[in-house]
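Structures given as structure tokens follow.
Heads up, the next two complexes both have chain A, just with different partners, chain B and then chain C.
Take a look at the complex of A and B:
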């Protein structure tokens, strides 16, 4: 008798099926990853020649005011957007979880910015925040240079980023909240718990794994912010140095100035920073995320 | 007690309505601004509704930007990226979930690690490859970074893991080849995950600005997002034109969203965490 036909065991089919993905990953990711590291130790000419310069690029970026400013801008942007944005999203999720009519409509409205390209979002907010003719300054009789005053630019972009992401984060949190079994709430209200106590002792711990995912995702996205700043602030704005993020600086060095060696060093420094911050979050989560169900 | 309940319901509605107004207002303001003349926009005090609904900015922006090209380029980029992500990720996801082969763990680790590394680190070499082939400013260069998807592979592997082995074994014993087991029996069972991946890929490809700015600098060969950035830097003071351009750029995706709203939200919620 032939051995039982087993679906699982087959090297050839396994390799055939993963081939496009694995070959693609090598071409699109593994090779570029290595190449970027090599490039960060080189000076590249306009015509593509490379000359090994050791740590010169890194020495240059760590010694440059512009890099540290961009690093601070990025961190500042995260400090403003992540806690506030996720907190507001949690409130929206809780409101959407209430027994109300028109839930689907509200959810669709809050989610809307997610399907609009950031380029278009940035454009309308730039107009709303325009210092001379923008609706905010004229309605509130203000004279604020929302996108020209170096002290205001990052908070302004942060408002737009929060507005853009709130519906997306709320949808994720809402699905986390809806997964909590109703029996906990029934038991709690029989025991005389108030709504606030129910939130504190049931909802918050039970939704904490989702909350952690949303926080990490928002943090990583914020550390990589680029498009909103590029569109709202842009070249020639006097506040650019006080608002450009690390990825924006990377884009300018690599593709506007054409110094790909420097650009590589900046992007590697950024990725290392993102890695460190994410690792800290994963260590810190043990203190507050509840995985027991 | 009953009164207390109605009161809190009113509060919830009030909060949601205020929130919804804040979410909607920028889009309404976009439309109202686009329908004004540039002179009216710069008027003090400003008008809320246009004095005369004037849609000439829409015509003007068509002269300034090659919208036909931009729609076509963006549409083709999304189409090919979605097809590649779905096809290749389904194949690999199935293999990683249901087949055993040498080196499986190594290759899957490769997928996981790539998924965690921010994509910006790959851009310079990706650009140099496309430029080296002389393929910048083509549809190929727009699709290029999205030819395969580590995230999609990971995500669809989860979907295949969720299918009981017995189903696959039964089909196989009934005489299906491995390929038929995959395409005829298992793939249809991952429909909702495939739809989620398609929506996810489409939304994020459409939103991406950095890559088209780098790879396709010619205005006729770039995407809607990058086209808007060109408009933004060239006509930065003509707000009706900028708003008309933004509206036209966001329109196709918003229409798709309004039609397939549930699919969009559930799809993105399913893929959440990226």
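Take a look at the complex of A and C:
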């Protein structure tokens, strides 16, 4: 009897201690989430006030070419950034793990883009890619409209996105690689494995849980891309319709046109998309992620 | 399994972070203690606004006014969020783009009692009205558009400077000569409504909206012809493409000596003079060229817009804010604004204060000629549903430029977009 009472008190303390986080989460995440779902079924006034309209917002976005173009832009951006970005991050992580001089400095350099404000990153790259005065076109004697040619804009933004994220992903993967026990490699080299075989049969399976986390995070971040496009492409660029992402479309509907209901519908569609892709990854991971240590 | 579930939950939580985007906002309100917050969107005008505030504070030592300048995009996000939570800045600027949205929602204080319409230019007063015809702001300024030309390039090409009698044909001929002689751009026609095709439409006798704002007029022949003409300018070798403008704006091209002419708002001129001191005396401004064969009228027109000062209908410092608003609209307040050189006061007869500043600073630009344009100014195109159609129309124009739509398809699409937005509003 006495024991259960004590347990109850412990529970109470436990709830009390997590309360700040949980309350914050409810106010800042769960409540807006639920409210956004409700709003997506409403026609909203600019300064609040809403009127239930059922599926009208969804019917309108699914019927608009702009939405499908934005969806494709976003998916295309993910196809470019996620596999290439994570692959490059893995290579960087392996290199940073090697016995080379000054690797702490290299780690800092690779991590640096993560510390810089995305807006600053975008502005600098925008000038690097400028087709009239940019350093890339000047040095390589090109005439490419990196940020104005509808076919080039998404790859350009993808390059910047990969550059920005590579250090962070590499540091996560590096921690995964460093957790692998040295004894595996010793045993493998005794058995005459090449470095490539060691990578394939030891490093890759052992780092796969971390790789999986990085993959999911990168994918979600890429599906939510907004700031880079806003800064590098922006309003008034003729290539905007061929490069705006779903979240950019959400921004325009909600804050420029002031239609919060429509904006919410776009964002809910994005969440469903993220959910589906993430679910597929969780099913797929059983085939390649190794949790046995 | 438990581990997997936790991870899924974590992933779902990460997904909800998308909503962080829609949950931001901040308040700019102050308590009723004589401290007033005055929010504006143009940092270039901050010193001018501070000068007015200081003059007011000298007479009213119990009042303290803080001027806050934020970027254009952020300004409207902030103002909207603060309007919802009734914590608006005590005084703020209201653009005619947004006037109807805010006034019609009952957010702005009625300023009829402190505005004597006779004191201000008609356009400025019209822009301070809501859909119901009541005045919801104190007229701040009025603006106009100028043709900027680079004298050095004209000299180099041996072409005579633009005059007030210039027509569109003179401008395109000069552009061609300049391009042939120097390889530099002539008139740089970038995608813009107020500083671009609207002026051409009204010069040609066309209209964007009917007089009462209830009908779209894009497909009217006079309107459609002028839009085609303006967009068609880009086909010429002497005009940069919209891709070129995305890499470097018209003003950068102009002041780096790569283009001979472009249109700019008068509100930019003082900053341009200050930014490019080396160019002083090498460029000048004049009135917009007129249409040579208008469908209606004399071929003269220029779009004129204005900003108003406003306060919330139910602000905490309502009385103090109204008093300061009255000062902002007074001759003294308007004079200080004119002397800051950035905006032409809405107050009648004070245009010269703005013109004089340029001479006082030693800027060799003939801005006085622009004042004549107020005789034939056209009020900025606006109606209650503008907020909805404006971004859509802008996108359509860009789609025409990019070749995704033909001009005819595009004009029809603009007509439909505006018609639909108006219908939805009612």
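In the analysis below, the second predicted complex is superposed on the first by the 270 of 293 C-alpha atoms of A that agree within 3 Å, B and C clash if a C-alpha of one lies under 4 Å from a C-alpha of the other, contacts with A are read in each partner's own complex, and residues count from 1 in each chain.
We adopt the following convention: a residue touches a chain if its C-beta (ideal position, glycine included) is under 8 Å from a C-beta of that chain, and two chains touch if they have at least 3 such contacts.
Predicted, not measured: the structure shown is a model, and the values here were computed from it.
*Asks:* Quick one: classify A:198 as touching chain B (first), chain C (second), both or neither.
*Replies:* So A:198 meets neither chain B nor chain C here.
*Asks:* Counting only touches as set out at the top, which of chain B and chain C does A:258 meet: first, second, both, neither?
*Replies:* second
*Asks:* Of the two partner chains, chain B (first) and chain C (second), which one does A:107 touch, if any: first, second, both, or neither?
*Replies:* After superposing on A, A:107 lies in contact with chain B but is clear of chain C.
*Asks:* Among the partners chain B and chain C, which is in contact with a greater number of residues of chain A?
*Replies:* B
*Asks:* For A:208, decide between first (touching chain B), second (touching chain C), both and neither.
*Replies:* In the superposition, A:208 contacts neither chain B nor chain C.
*Asks:* Looking at A:133, would you say it contacts chain B, chain C, both, or neither? Reply first, second, both or neither.
*Replies:* In the superposition, A:133 touches chain B and chain C alike.
*Asks:* In the overlaid three-chain picture, which partner chain does A:171 touch, first (chain B) or second (chain C), both, or neither?
*Replies:* first
*Asks:* Touching A:149 in the superposition: chain B (first), chain C (second), both, neither?
*Replies:* Only chain C is touched by A:149; chain B is not.
*Asks:* With both complexes superposed on chain A, which partner does A:36 reach: first (chain B), second (chain C), both or neither?
*Replies:* both
*Asks:* So, does A:69 touch the first partner chain B, the second partner chain C, both, or neither?
*Replies:* Neither chain B nor chain C is touched by A:69.
*Asks:* Which residues would you name on chain A as touching chain B in one complex and chain C in the other?
*Replies:* 25, 28-30, 32-33, 36, 48, 130, 133, 213, 217, 220, 224, 226, 235, 247, 250-251, 254-255, 260, 263-264, 267, 270-271, 274
*Asks:* Spell out the residues on chain C that touch chain A in their complex, using ranges where they run on.
*Replies:* Residues 3-4, 7-8, 11-23, 73, 76-77, 80, 83-84, 101, 105, 107, 191, 242-248, 387-388, 391-392, 394-395, 398-399, 401-402, 404 of chain C touch chain A in their complex.
*Asks:* What part of chain A is in contact with chain C in the complex they form?
*Replies:* 25, 28-30, 32-33, 36, 45-48, 130-134, 145, 147-150, 213, 216-217, 220, 224, 226, 235-241, 247, 250-252, 254-260, 263-264, 267, 270-271, 274-275, 278, 282, 291
*Asks:* In their complex, what parts of chain A are in touch with chain B?
*Replies:* Within the complex, chain A contacts chain B at residues 5, 7-11, 13-15, 17-18, 20-22, 24-25, 27-33, 35-36, 39, 48, 91-92, 95-96, 98, 100, 104, 106-121, 123-128, 130, 133, 135, 138, 163, 166-168, 171-172, 175, 213-214, 217, 220, 224, 226-227, 230-231, 234-235, 247, 250-251, 254-255, 260, 263-264, 267-268, 270-271, 274.
*Asks:* Hey, which residues of chain B end up touching chain A in the complex?
*Replies:* Contacts found on chain B: 9, 12-13, 15-16, 19-20, 22-24, 26-27, 29-30, 33, 41-42, 44-46, 87-89, 91-92, 94-96, 98-102, 104, 107, 110-111, 114, 117-118, 120-129, 144-145, 147-150, 153, 165, 168-169, 172-173, 178-179, 181-182, 203, 206-207, 209-210, 213-214, 224-226, 228-229, 232-233, 236, 239, 242-243, 245-247, 249-250, 253-254, 256-257, 261, 264-265, 268-269, 272-274.
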